[in-house]
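Paired with subunit B in one complex and with subunit C in the other, subunit A is shared by the two complexes that follow.
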Partner chain A sequence: MAEDVKPTRKNLMAIEDRIELSERGHDTLEQKRDGLIMEFMDILDQAQDVRSELNSDYETAQRKLNMARAMEGDVAVRGAAAALQEHPEITTQSKNIMGVVVPQIESTKVRKNLSERGYGLLGSSARIDEAADAYEELLETIILAAEVETAMKKMLEEIETTKRRVNALEFKLLPDLYENQDFIEQKLEEQEREEIFRLKKIKGKKEEQEREEREKEAQAQAEREAAVSAD
Partner chain B sequence: MSQEIAVIGSPDFTTGFRLAGVRKCENVPDEQKDDDLDDAVERVLEDEDVGIIVMYNDDLDHLSRNARTAVETSIEPTLVTLGGGAGSGGLRDQIKRAIGIDLMEEED
Partner chain C sequence: MSTSGTSNPEYVNARVRARRAALFSDEEYRKLVRMSPAEIARRMEETEYETEINALGSRHSGVDLIEYALNRNLAKHFDDLLGFSEGQIYDLIARYLRKFDAWNAKTIIRGLYVGTTREEIETDLILAGEFNDRMIQRLLEAQTIEDVVTILQGTIFGAGLGAAYADYEETGLLVPLENAIDRAFYEHLLGDLPRSEPVQLYREFLVAEIDFRNARNALRLARSGADLDPAAYYIDGGELFRPSELNMLVQSPDELVTHLRESKYARDLSAVLDDLETADSLIAFERGLEKALLAYSKRLGNVYPMSVCPVVAYILAKEREVENIRAIARGREAGLSQSEIEEELVIL
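== the complex of A and B ==
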């Protein structure tokens, strides 16, 4: 509130400094927000491609699994699934995009050959192998999607935070500071006008006093001169 | 630290992933999803060895609001939904909120 600020020159200078700093911060944050949005757009395109690939891979994998189930039976498919020894693993590293740390996911043991699957050549059929293959491919796309979508989430969080800061500066802090600046300037101008008025009054009074003194002196002089001429 | 992939859903949904070697599977039959899916999600979210959660997009509707928000906004582990559009898993709403425009509109 402007009324809470003491209308002094010192405060006015402090507020002017804060306005300058806030305006500079506002410009920088706006640039950061725009940069983040541009980076986000690139990731969004990538995410949309990955998402459509993910959906088609999922459909293929499901179709192949249903085929394996229909031809080999549910028990055989579940048996093959239970026999697996190798499990896919992921390791996460990070990279920095405009100050946002986004993950880079590396995967191991996703793709396996027949001997690594653990159910043996005799224990399964080509359809189960095809289904396993399709699901391994799906897992690879899922890992890629996880990387891209996590990056998107992190970028969105940063964009939201930056946007909130920009809005706080633009719609709260800067208007308050401008209001305080106007208030102090108006008060100081008012004080200046009062001071000029007061000085004018004092000057008028002083001139009046001097004029009266001059008149009195002139009168006294005239009286003295009259007395001398009468003698 | 190496992490694993976890799959939550009906046994039909998880079987294929088991075939690809995923061992962290939370099987929740369709008829128990309203009651048990929240607990399954909570268990997986608490597991530090899990880096990616895979769920079927429609299964998110069975979650309570808290569990859904927790899994959708989680970054580690991160959620990947299958069977939904590019804006699935809460991303579309988040984009609308952050950017101010529905960038996923053309995907519908």
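== the complex of A and C ==
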């Protein structure tokens, strides 16, 4: 990895910038992850309550329906159910929890009074009323459970993503960047040392050359002086 | 077969006594409670339900088979009752059995309301009332609810339905139509009853039925907390409430219970009223009312053995038998325990 990077000062500066940004991002993401986990724990408690409420509501509703079918007959219960005109409606909106968009489900016409259920009061019984009541309550709990559990699922996905990002930064990106930084710094130091060595070499060569020239000149001078004295 | 001519209570009562003797005993219920739905169906094949179980066995199965066989057997017996009654006793029996005409009218209206097929509607009918086959066929051939209302114009339900149809058109809800049908049935129970001592007892029974219906509806309204006009759900003819006091009593369930405690039914209902004050559910109270009415009809039947009273006692006992067997079968299907099912049964 590090070998792919050109060991230039410009790259070093770019890597240092990236390290700074990544460290900041890592801290922010860690905070986000912790915040999400705290929010998730709250939602988890709520979801556990709703889930157990859902189970007990379902059992109650099913029991009351069975009782109504047993005592009033299946035909009477089906007839009462068929008389219903206005069916429950749900609308979904969204809300934001720490950047996670979760659904907010609003329901209408779930709870009905005796005159809205469609069947006549005079010819029916409390068994049918209580079965209808229990199913209306169950439906409300299902809607709440759908909202809470979807929020929980989305929060979990977001926590997972954030955790992956934090881990990627912590265990992959930042170590790579530090390695690249070290690599470039080492290379640059090496280049600097080579440069100094090269300069010293050049200087030495130059001094040698100058010395040789001086010696040559001195020799020439001596030869010239010897020639003059010989004359 | 008709209201004209001499009444034949002796003959009708002799036939009814034989049929009453064939009703299931407590011991039989105890056996059924221990059986699975398939075993109950098989056991029914060995009783007087054999014909119905065999006739319906190819179309239905499981608890549905039991329920439809029970309904068909009930219809056959009550139709027989009307068949061998004449004169005044026919009229007295028919006015009580018109509750099945009300049931059929409501079933057909509900079927048309949700677009159920003719065959499915026909399966759910209980042909135990006064409507003859031609009338039932005409009702089944109706294409719209308006057609049903028009066909029923010549019956006791006609006037009320005609008035309620406008409400139905306005709201799109079946409530006005269903209430009109049930109200017509209850209000015609007491209309022009002849004056004689046995009929007076029958009247008392019918008044008790209306009172109990008013009491359970008042309690349902009181418990529901809905802002509904109690007068709209009040059935004339009872002695337990006046419409004016019902408005006040529905606002306060405690006062309603106190009112019931101070009524002539206090002795019959004291146990269920004690439970009612602490219970969340009205089911035990309704069961208590059904038991009290059954006991009342049986008592009347013993006081006047040659009147319509034993016939009414038989009608109630037969209905109760059907409801008990159905409760056992459905209860077993739903996995209820023996004690839970036994608690739901109404046995005298």
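Just so we're on the same page, the second predicted complex is superposed on the first by the 199 of 231 C-alpha atoms of A that agree within 3 Å, B and C clash if a C-alpha of one lies under 4 Å from a C-alpha of the other, contacts with A are read in each partner's own complex, and residues count from 1 in each chain.
By our rule, contacts are C-beta pairs under 8 Å (C-beta built on N, C-alpha and C of every residue); 3 or more make two chains touch, one makes a residue touch a chain.
No experiment lies behind these values; they were computed from the predicted model shown.
Clash-free side-by-side placement of subunit B and subunit C is the outcome of superposition onto subunit A.
After overlaying the two complexes on the shared chain, residue contacts for A:Asn113 are found with subunit C alone; subunit B is out of touch. Residue contacts after overlaying the shared chain place A:Phe40 against subunit B, while subunit C stays out of touching range. In the superposed pair of complexes, A:Ala70 makes contact with subunit C only, with no contact to subunit B.
Between the C-alpha centres of subunit B and subunit C, as viewed from that of subunit A after superposition on chain A, lies an angle of 20 degrees, to the nearest 10.
Within the superposed three-chain model, A:Ala82 lies in touch with subunit B and with subunit C [touch as defined at top]. By the touch criterion stated above, A:Ser125 is placed in contact with subunit C alone, subunit B being left untouched.
When the two complexes are overlaid on their common chain A, residue A:Leu139 makes contact with subunit B while staying clear of subunit C.
When the shared chain is aligned, subunit B comes close enough to touch A:Asn55, but subunit C does not. Contact comparison for subunit A: of subunit B and subunit C, B touches the greater number of residues. Once both structures are overlaid on their shared chain A, subunit B and subunit C have a minimum Cα-Cα separation of 10 Å. Residues 62, 78, 82, 117 of subunit A touch subunit B in one complex and subunit C in the other.
The touching residues of subunit A, counted against subunit C in their complex, run 62-63, 66-67, 69-71, 73-75, 78-79, 82-83, 85, 113-123, 125-127, 129-130.
The residues of subunit C lying in touch with subunit A in their complex are 63-64, 67, 71, 102-103, 106-107, 110-111, 113-114, 116, 124, 172-175, 177-179, 181-183, 185-186, 213, 216-217, 219-221, 223-228, 233, 235, 281-283, 285-286, 323, 326-327, 329-331, 333-334, 336, 341, 344.
Residues of subunit A touching subunit B in their complex: 37, 40, 44, 47-48, 51-52, 54-55, 58, 61-62, 65, 77-78, 80-82, 84, 86-92, 103, 105, 108-110, 112, 117, 128, 131-132, 134-136, 138-139, 142-143, 145-146, 149-150, 152-154, 156-157, 159-160, 163.
Contacts from subunit B toward subunit A in the complex involve residues 1-5, 15-23, 51-52, 54, 73, 75-76, 78, 80, 82-83, 85-86, 89, 91, 94-95, 97-99, 103, 107.
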